[in-house]
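Two complexes are shown next, each including chain A; its partner changes from chain B in the first to chain C in the second.
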Partner chain A sequence: MTDRYDTVDELDEEATEAFRELIYRLADDEYVIAERDIEWQIYAPTLESDLALANIAQDEFGHARLWYDLAQETGLSEAACLWEKPADQWRHSTLVELPYTDGDWADPVLRSYLYDTAERLRVEALAGSSVAPVADRVQKILDEERYHREHAQSWLERLTLGGGADAGTEESHAKVQDALDRLFPHALTLFAAGEHEETIVAEGFRTETLDDLRREWLDVVIPYLESLDLTVPEPEDEKRTATGRNGDHTEHWEPLLEEFTKTYREFDFDHPVRLREGGVS
Partner chain B sequence: MIWEVFRQENAGDYHKHCGNVHAPDREMAKLFAQIQHGRRMQTKSLWVVPQEEVGEVDTDDTSFGGTTDKAYRWAVTYTQVDESFAEEIAESQAEQEEQAKKKREAETND
Partner chain C sequence: MSGTTEEATACAYTDYEAGEAPEEYPKTGEGAEGLEADIWDALYEVEDPEMPVSVVDLGLIYGVDIEETDTGTTAVVEMTLTYSGCPAREMLTNDVHCAALAAGVEAAEVRLRYSPNWNVNMVTEQGREDLREFGLSV
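Now for the complex of A and B:
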């Protein structure tokens, strides 16, 4: 039986480190996928699909906020969790940092499906977390995630050939297959362990192991994607060493981080602009 | 394809028309309508209806309420009655007077 923690203050030093890793895995994934998804604003195929994806991104930013707030309760500043966190301390999966190709709508749709299915499983595995404030956040997130999956699946059924009455064309099917071949190895890094994984499970922060989650995820996504006549790559053949979870990212990560922290850096907080006391400096 | 969207705020209310969405089919229309018409407003239920399924009759087709004076239908002769004893009557009367006024104005403008 593991200890229960009503607040994060009760964690000792080692447990706090592990807890931050767990929170960063969640928060960084949400933040970075949202950051990528908003790149579609004004470029999605129709006004409606644009709004739907923007809405999903907004939900994910909201979830990131829930987790970063909790990270701050462990004594970190918002800047330390986010704006000033060095690139190699981000713990998101490489799936979420990959750039989109202009006009390749199959990618955000499939990425969302792979990600949001994993999201549901891992958040469910936090419902019984030994840390009360983690468990408290679960239901809020799950309620919104249902829409995300419905949205992604509705699109997938319309873009692939296996979607029955609503099936897509040869061209749209090929684009989804292409996205699947490209994204699948990265999606598996969602379940890659970080440095403190043993403690995360031993402390009961998460009630399932990553291997269990990975197995459950494969049991959901493989039959579903195959029902759409897609060919799913063999998971065992796809071992990436840069998983993101270990701080090792793709070459696309640093430019993205640079871009979304640019405004923060330009604020120059150490030398705030003053309108009085000697004029504008 | 355009789907007209109707929103119900609370159980028991009428679904009121609130706009439309472009979507290839009913399922996608329901998904998009949730974002566009249900996210920021109090919503209990949404209907999506294919635009071409909506029947319309407008002022080019008919004269709504006829063209003759129907003032005899008002309860105006009961001038000594205190309407406040029944709010519904007072409201109904006020509503009819308002509508008749609008109609007269519309005719004057024609």
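Now for the complex of A and C:
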């Protein structure tokens, strides 16, 4: 029987380190995928899909905030968790940091399907967390995530040839297949272990192992993607060493981090701008 | 238009099931006395920034407690948000904080909670009337 923690500040030092890793895996994933998704603003193929993606990004920012709140309860500032966190301390999977290619709508759709299916399983595995405020957040997030998968699937069925009445064209199908070949190895890093994985499970922060989650995810996504006439790469062939989970990222990560922290850095909080010199501050 | 008369159907991509209000919710301050009742009264004055309905009638307040500490009386208000990406979080929690203070305590603390997950059935009867008047069907 593992200990139960009513609040985050009851964790000892070692447990706190492991807890931060768990939280960063969740929060950084959400934050970075939302950053990428908002790049589609005004470029999505219809106003409806522009709004839908904006709304999904808003949800993911909201979930990132829910998780970062808990990181802050371990004694860190928001700046330390986010704006001033060095690139190699981010724990998101490389799937979420990859850039989109202009006009390649198949990518955000497939990425969202792979990511949001994993997110459901990962968050469900927190429902019985030994840390009460973690479990407290689960149902809220799950209820909001369902729409994300519906959105991704409704598009996948329209872009691929196996989608039935609303099936897509040869060209759109090929684009989804292309995105799948490219993204799948990165999606598997969602389940790559970090430094403190053993403690995360031993402490009961999460009640399932990453291997179990990975298996459950493959059991959902492979049959579904195959039902759309897509060919899924062999998971065992797809081992990446830079998983993101170990702080090792792709070359696309640092420019993205640089970009979304630019305004924060320009604010120069140590020297706030004054409206009138010496007057209103 | 096909010219045939069909029953209007709801958009297939939207789920209109509202969920159920868990027992004991919404919390309305009914039966509260003294200072606690004053705090509930003050919270009734705080409106959602998007709709003219009080945060209590929306069912967002999950509890009000009074704690006596060395520095005096502290009000602890537990509340939730309708959705986690709510951009008015700071504004709402600040309004609630100020309302609790105005009820006459030395300090106030607002704690966010997410369970039970808020749903439309946690809106009070008064809240429903206010929302209907505002033009929403609930």
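The rule is short, and it goes like this: the second predicted complex is superposed on the first by the 273 of 281 C-alpha atoms of A that agree within 3 Å, B and C clash if a C-alpha of one lies under 4 Å from a C-alpha of the other, contacts with A are read in each partner's own complex, and residues count from 1 in each chain.
Rule of thumb we're sticking to: a residue touches a chain if its C-beta (ideal position, glycine included) is under 8 Å from a C-beta of that chain, and two chains touch if they have at least 3 such contacts.
All of these numbers come straight from a predicted model, not from anything done at the bench.
In the superposed model, A:154 lies in contact with both chain B and chain C. Within the superposed three-chain model, A:61 lies in touch with chain C and out of touch with chain B [touch as defined at top].
In the superposition on chain A, contact of A:143 is made with chain C only, not with chain B. Comparing chain B with chain C, the partner in contact with more residues of chain A is C. In the superposition on chain A, A:42 makes contact with neither chain B nor chain C. The contact surfaces that chain B and chain C form on chain A in the two complexes overlap at residues 150, 154.
Contacts from chain B toward chain A in the complex involve residues 21-25, 27-28, 31-32, 34-36, 39. The touching residues of chain A, when paired with chain B in their complex, are 46-49, 51-52, 55, 147, 150-151, 154, 158, 166.
Chain C makes touch with chain A in their complex at residues 13, 83-87, 89, 112-118. On the chain A side of its complex with chain C, the touching residues are 58-63, 65-66, 69, 135-141, 143-144, 150, 154.
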